[in-house]
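These notes are about the structure you will find just below.
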Amino acid sequence: MWTLEGFASVPGNRLESMSQEIEIGLGKKGRLGYSLDDVAIVPSRRTRDPEDVSTSWQIDAYEFDVPVIGAPMDSVTSPATAIAMGKMGALGVLDLEGLWTRYDDPTSLLDEIAGLPAEQATERIQKIYAEPIKPELITQRLHEIRAAGVTVAGSLSPQRTQQFYSTVVDAGVDLFVIRGTVVSAEHVSSGQEPLNLKKFIYDLDVPVIVGGAANYTAALHLMRTGAAGVLVGFGGGAVSATRQTLGVHAPMATAIADVAEARRDYMDESGGRYVQVIADGGMGDSGSFVKALALGADAVMLGAPLARATEAPGKGTHWGAEARHQTLPRGYRTTVGTVGSLEQILFGPSHQADGKTNFIGALKRAMASTGYVDVKNFQRCGMVVTPHMAQ
Amino acid sequence: MWTLEGFASVPGNRLESMSQEIEIGLGKKGRLGYSLDDVAIVPSRRTRDPEDVSTSWQIDAYEFDVPVIGAPMDSVTSPATAIAMGKMGALGVLDLEGLWTRYDDPTSLLDEIAGLPAEQATERIQKIYAEPIKPELITQRLHEIRAAGVTVAGSLSPQRTQQFYSTVVDAGVDLFVIRGTVVSAEHVSSGQEPLNLKKFIYDLDVPVIVGGAANYTAALHLMRTGAAGVLVGFGGGAVSATRQTLGVHAPMATAIADVAEARRDYMDESGGRYVQVIADGGMGDSGSFVKALALGADAVMLGAPLARATEAPGKGTHWGAEARHQTLPRGYRTTVGTVGSLEQILFGPSHQADGKTNFIGALKRAMASTGYVDVKNFQRCGMVVTPHMAQ
Amino acid sequence: MWTLEGFASVPGNRLESMSQEIEIGLGKKGRLGYSLDDVAIVPSRRTRDPEDVSTSWQIDAYEFDVPVIGAPMDSVTSPATAIAMGKMGALGVLDLEGLWTRYDDPTSLLDEIAGLPAEQATERIQKIYAEPIKPELITQRLHEIRAAGVTVAGSLSPQRTQQFYSTVVDAGVDLFVIRGTVVSAEHVSSGQEPLNLKKFIYDLDVPVIVGGAANYTAALHLMRTGAAGVLVGFGGGAVSATRQTLGVHAPMATAIADVAEARRDYMDESGGRYVQVIADGGMGDSGSFVKALALGADAVMLGAPLARATEAPGKGTHWGAEARHQTLPRGYRTTVGTVGSLEQILFGPSHQADGKTNFIGALKRAMASTGYVDVKNFQRCGMVVTPHMAQ
Amino acid sequence: MWTLEGFASVPGNRLESMSQEIEIGLGKKGRLGYSLDDVAIVPSRRTRDPEDVSTSWQIDAYEFDVPVIGAPMDSVTSPATAIAMGKMGALGVLDLEGLWTRYDDPTSLLDEIAGLPAEQATERIQKIYAEPIKPELITQRLHEIRAAGVTVAGSLSPQRTQQFYSTVVDAGVDLFVIRGTVVSAEHVSSGQEPLNLKKFIYDLDVPVIVGGAANYTAALHLMRTGAAGVLVGFGGGAVSATRQTLGVHAPMATAIADVAEARRDYMDESGGRYVQVIADGGMGDSGSFVKALALGADAVMLGAPLARATEAPGKGTHWGAEARHQTLPRGYRTTVGTVGSLEQILFGPSHQADGKTNFIGALKRAMASTGYVDVKNFQRCGMVVTPHMAQ
């Protein structure tokens, strides 16, 4: 849908520094990649009081108390929970291709999905999402969020951006998210005129967050389109299903560190433009959330952790866009259970040590244990690699 | 059964480049090997529309829409499913030492095998396969497939090739497959005059696919016999049982990459003969299928995935030649279940994200995500190694 | 709570020798870390009789027959079990912020905690420990232990040391333990005047054991405060919960070896002061206990192994300070069962080969198998790394 | 019990070649070790007919058709099964400290042990083995085996060798086995005059097999005592329990390769004396058995595989000397089940592909697949290392 336009090549020294390549077999090399479970934070210097720590972050003109973004998934972010997240200092992104823009009132469908037996869930979800998207519902949902006085953010897939973006922009969003499993700056299509992503972002007045990207090169090219933020990962909780169905996978710890390095290099080549790096997918507990920030993310897009809220529209179940693909679903409706209110998940108190509640408390304590006072500096903290350790 | 004849030695620089040897103990080195689960595909450049992608491949004069070969196993390929596969653009290879050449009508035996309790299955299978092979049934089965107008392919083990090949050739096959657990170009026997594989293939008018080979040297020698294709792996779904019983194992990712490199070198030394590399065994989901192609295979021989078809003769169970060995079985009759029609397994639509249906849709999407338009170019795609990751 | 004061920096050559760093992703490195399960002892030289082996160790003026310290956890060390441990040649450390200093008679609460259903345990424990600490009970408990004629040791968290240390010192302790998840020599606080750890230890007449520290730098700084011993690890059995909630983790084998090296370097820079290295946490069986000593620990603080004693106050359950945090618990009350008397756990006989009894017998036999006669020399024994081995 | 006497030191270049040491932590290195599960055999050259393969081996004047030694464990080798093994071309070693030398007729005790509930087994076994050893029963048992016309072999622990060896020698054995968890050439004892192993072996007319040794140095020293064979490993099936209780472990693949290298070096320094290397412990299936030989073992001492015979005295259960230690047991009585006759376990036919029957058939097929005609040459076969592969 979009095409390459005069991108300079990746700096040679970068590619050479990708040194941890190993030989899979004769004539085929692969780079070693690490998941979030493979790494951990090691305190080594001073400590601080958790109360002295700031967790705020900023993208374009919008500042947030906590570096948490509710994923554009129908089990996580509805207009109501987007508003709730906003009031708590986080950001909720509404999926503008989800149930809320296909149905006037999807609440009974949400109930039905939550109640489906596991083995029938995908097929029924495919049917429910076959209903067309209504532009007027896009407008209506964004207005609802706007009316509550919080930052308004909506998400489209790359495939639908051309069709619906003007509706979205006219309705008014503060942040525009283009999110797919794999999004490249250079998309080639024989079927239709591809969207020129660079021109599109340049023309748009609204800051754009775009992804997923999973390595240095892909991310650098997305940064050069003018995006305000880049999503790292292949989206949602569908990591293992994507690996099983497509053979495609990007270990998150390596991906986040790579994209953070692309940000540093792009900042240099652009004369100082700082692109937000947002880890997206696979952070199921507060420990993974904290590690993603320590590896270089500025904020984290959370799915399953927020789907466990009592207010969550998924009512203890969770699914993403991958699960509704009409011919090649790459995700499941999973059962995640309910562990507490949205506030408790973000700010505690916890009554279990399972990393499912008090994400911000955990972040503050990890920062305090390593002596950092803000999220940006926390990206420099020391880490250990334990790939062989049973989790 | 066959003997070496004037093979040049392996180029020295190749052996030296097998650099990832590690010391198992003093005086014993081993090379690090990677399974398909240890590796994954990482998108990094452009993307494409899945519809713009071609999945065709060709061996000798025969072209196929999809790089899928039905394994010569009685649970997968009967005359009927060989025809069905052919009509869908794939190739089905009939096991010419299986039930269809031992019995006039094996359908009740197939039913019986599918219904056996697990602990009795091997012993009963050994008995059923003790029935002698009837040459006239070989002829009859191949004629049945021929009559349907699809490409005709049949398989013999190295041990039976001498005895039955003239029957096979007289009956008429388009592709002749010699398939064993380990097949070498140089077989030494004190008991009988060994088959000279090079002379055999030279004399035969029919293109030959031969294997399993599991590394560079073995594959290069097989290529030098004049084979049109080489099977990579130790055959069927018996990988773990072969390791447990014999201690023999070849991790597939490494094996495929090695044999692909042998193809490159053989193309050079032969002045341009391109030998098809066919991954055989252990690809149980579409992700593994896609990765095998990404590692250098031109096509993939599928067992378990096709045994899960509603039309499959195994009726939800699956076994190979290893399981019927009279004194040292190295495989099981396993229960694989039924997930959809053959067409759904190859082309979708999927209603589960488990990689068991829509193999070609998955391949097209993976190719689109990495920006390649045909299978040959897809062999160059970038990969990541995550040996420590729980699957 | 405490602040840095004129610490010299870490010797440059040390930092350079931390050579096993690997690239997690571009621009982010991490050091490879090993758990106790990843390593093992390999006999290679002479052997000895187990009876010829000495297991004694000494800290300051206090000598003990066995290098075992009962952890300051209410499930392990009560005044009664501290006395029992002392009489057996070990050391028991009373948690001075535990139930015994909050309640006149906590026995019914201990019973209640042991009987709680798992899912309610944390919340009820949080409530029980919300009761304030009574200074007069600190005094009373320490007097009870003193009266029995054994070495008296009590533990405070860094947060409470300022508030209660004079009570502790006035009551009389032989060894003063400051124990927290992460304790640094340099703590920065905006809220209150931080405790100057170096001055504090200098002014105190009592030898201080302080920790947890998890690497060379942190431990070296703690040694420079004048501590008699340093605790290695993040405390208690909460290792996996700390990783899951905070993303913080220090593999124990690596941590112990690092801190032992800090001891060597500090001994050099201090002109001969030997600081005791005490492994703390995660040693659930006698094999881990033995390996901790082989890696360089002088003594080991045991939690779960002693909580399995018939006399243990936890009555077959086990929890630490991490489990009672009011808003961010990082540990559980676990069920560890009861395996024998305290004496049997330390000295046998064993009637199971599960490493849960006869810790000292196991240590003696391991020392005998490798030919060492005392714990200090045993620190030089050969080890093997098997990170890929299923446990 | 025995003492060093003028052993030359290990050649310097050997120690330097132990190159795969890695840093566990600062100042503590460990060598990477591999288990049998971490490695596999890879065919790469010619193939042969399994019928052309010889599996014979020889120690001193005694030749055997198959490289299998029945372990001196009461669940495996009784006088009756020692005779049966001998008649099948294997060697059975009677434990001369087992039930057969403590009781006139232990059959009812064997029945009792086989029927004990798991949790009571160790304690009851400790009591049963508390009965003293009767010298006259040693004599009687060895005479029984001698009378059957097979090679006679008996085993003592290092601790009992001084006390009973003259009884054993007077009774007449062809091969004398000294087997302990860790046996060193240099044992230091303050309690009693140690046995001088070198002088002992020199004075004895009978060839001695001695071990366990687990690395190059220990094995080389044992070879220098004049032993005819060295046992590699820590004995029996107690590997994981030894690791759990003592922290002691030697990964078998590395240990076998190391000891095989010691054999090569000792052959050089001794002017041609070839010491048999016998892998002992942890080979539970035929795949592991085959790999042990491929790594350099001349023969394999089998426990659990032979305990699964219908004739086995353990009647489907299995235990070794480690399980009967009076105060520190390091092994269990495990349930291994019964899979077929001794003959079927050694020579097939198999009716399951689980590696529990037809060990010799498996060995012959593996040798045929790699093109070797005898066990000695098979030690040169190529191997692959797959430490990360799930088993």
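For clarity, chains are labelled A, B, C and D in written order, and residue numbers in each chain start from 1.
To be clear about the criterion, a residue touches a chain if its C-beta (ideal position, glycine included) is under 8 Å from a C-beta of that chain, and two chains touch if they have at least 3 such contacts.
A quick note: this is a predicted structure, and the numbers were derived from the prediction, not measured.
Colleague: Could you run down the chains that neighbour chain C and chain D together?
Modeller: The common neighbours do not exist; no chain touches both.
Colleague: Counting shared numbers against all numbers at the contact of chain B and chain D, is it over half, same, or under half, different?
Modeller: Since fewer than half of the residue numbers are used by both chains, the interface counts as different.
Colleague: Rounding to the nearest 5 degrees, give the angle of the rotation that lays the CA atoms of chain A over those of chain C.
Modeller: 90
Colleague: Looking at CA centres, what chain is most distant from chain C?
Modeller: B
Colleague: Please tell me the distance, in whole Å, between the geometric centres of chain B and chain D computed from their C-alpha atoms.
Modeller: Computed value for the inter-centroid distance: 40 Å.
Colleague: Averaged over CA atoms, how far is the centre of chain A from the centre of chain D? Could you give it in whole Å?
Modeller: Distance between chain centres, rounded to whole Å: 56 Å.
Colleague: Indicate the residues of chain A shared as contacts by at least two other chains.
Modeller: 32, 34, 254, 387-388
Colleague: Based on the touch definition given at the start, go ahead and assign the chain network to line, ring, star, complete or other.
Modeller: ring
Colleague: Run through the chains and report each pair that touches.
Modeller: Contacting pairs: A-B, A-C, B-D, C-D.
Colleague: Taking the complex as given, what residues does chain B use to touch chain A?
Modeller: 14, 17-20, 32, 34, 39-49, 51-52, 216, 253-258, 260-262, 264, 285-291, 294-296, 348-355, 358, 361-362, 365-366, 369, 371, 382-390
Colleague: Touching chain C in the complex: which residues of chain D?
Modeller: Listed in rising order, the residues are 4, 22-35, 37-38, 119, 122-123, 126, 181-184, 186-191, 214-215, 217-218, 238, 241, 243-251, 254, 322-323, 326-332, 387-388, 391.
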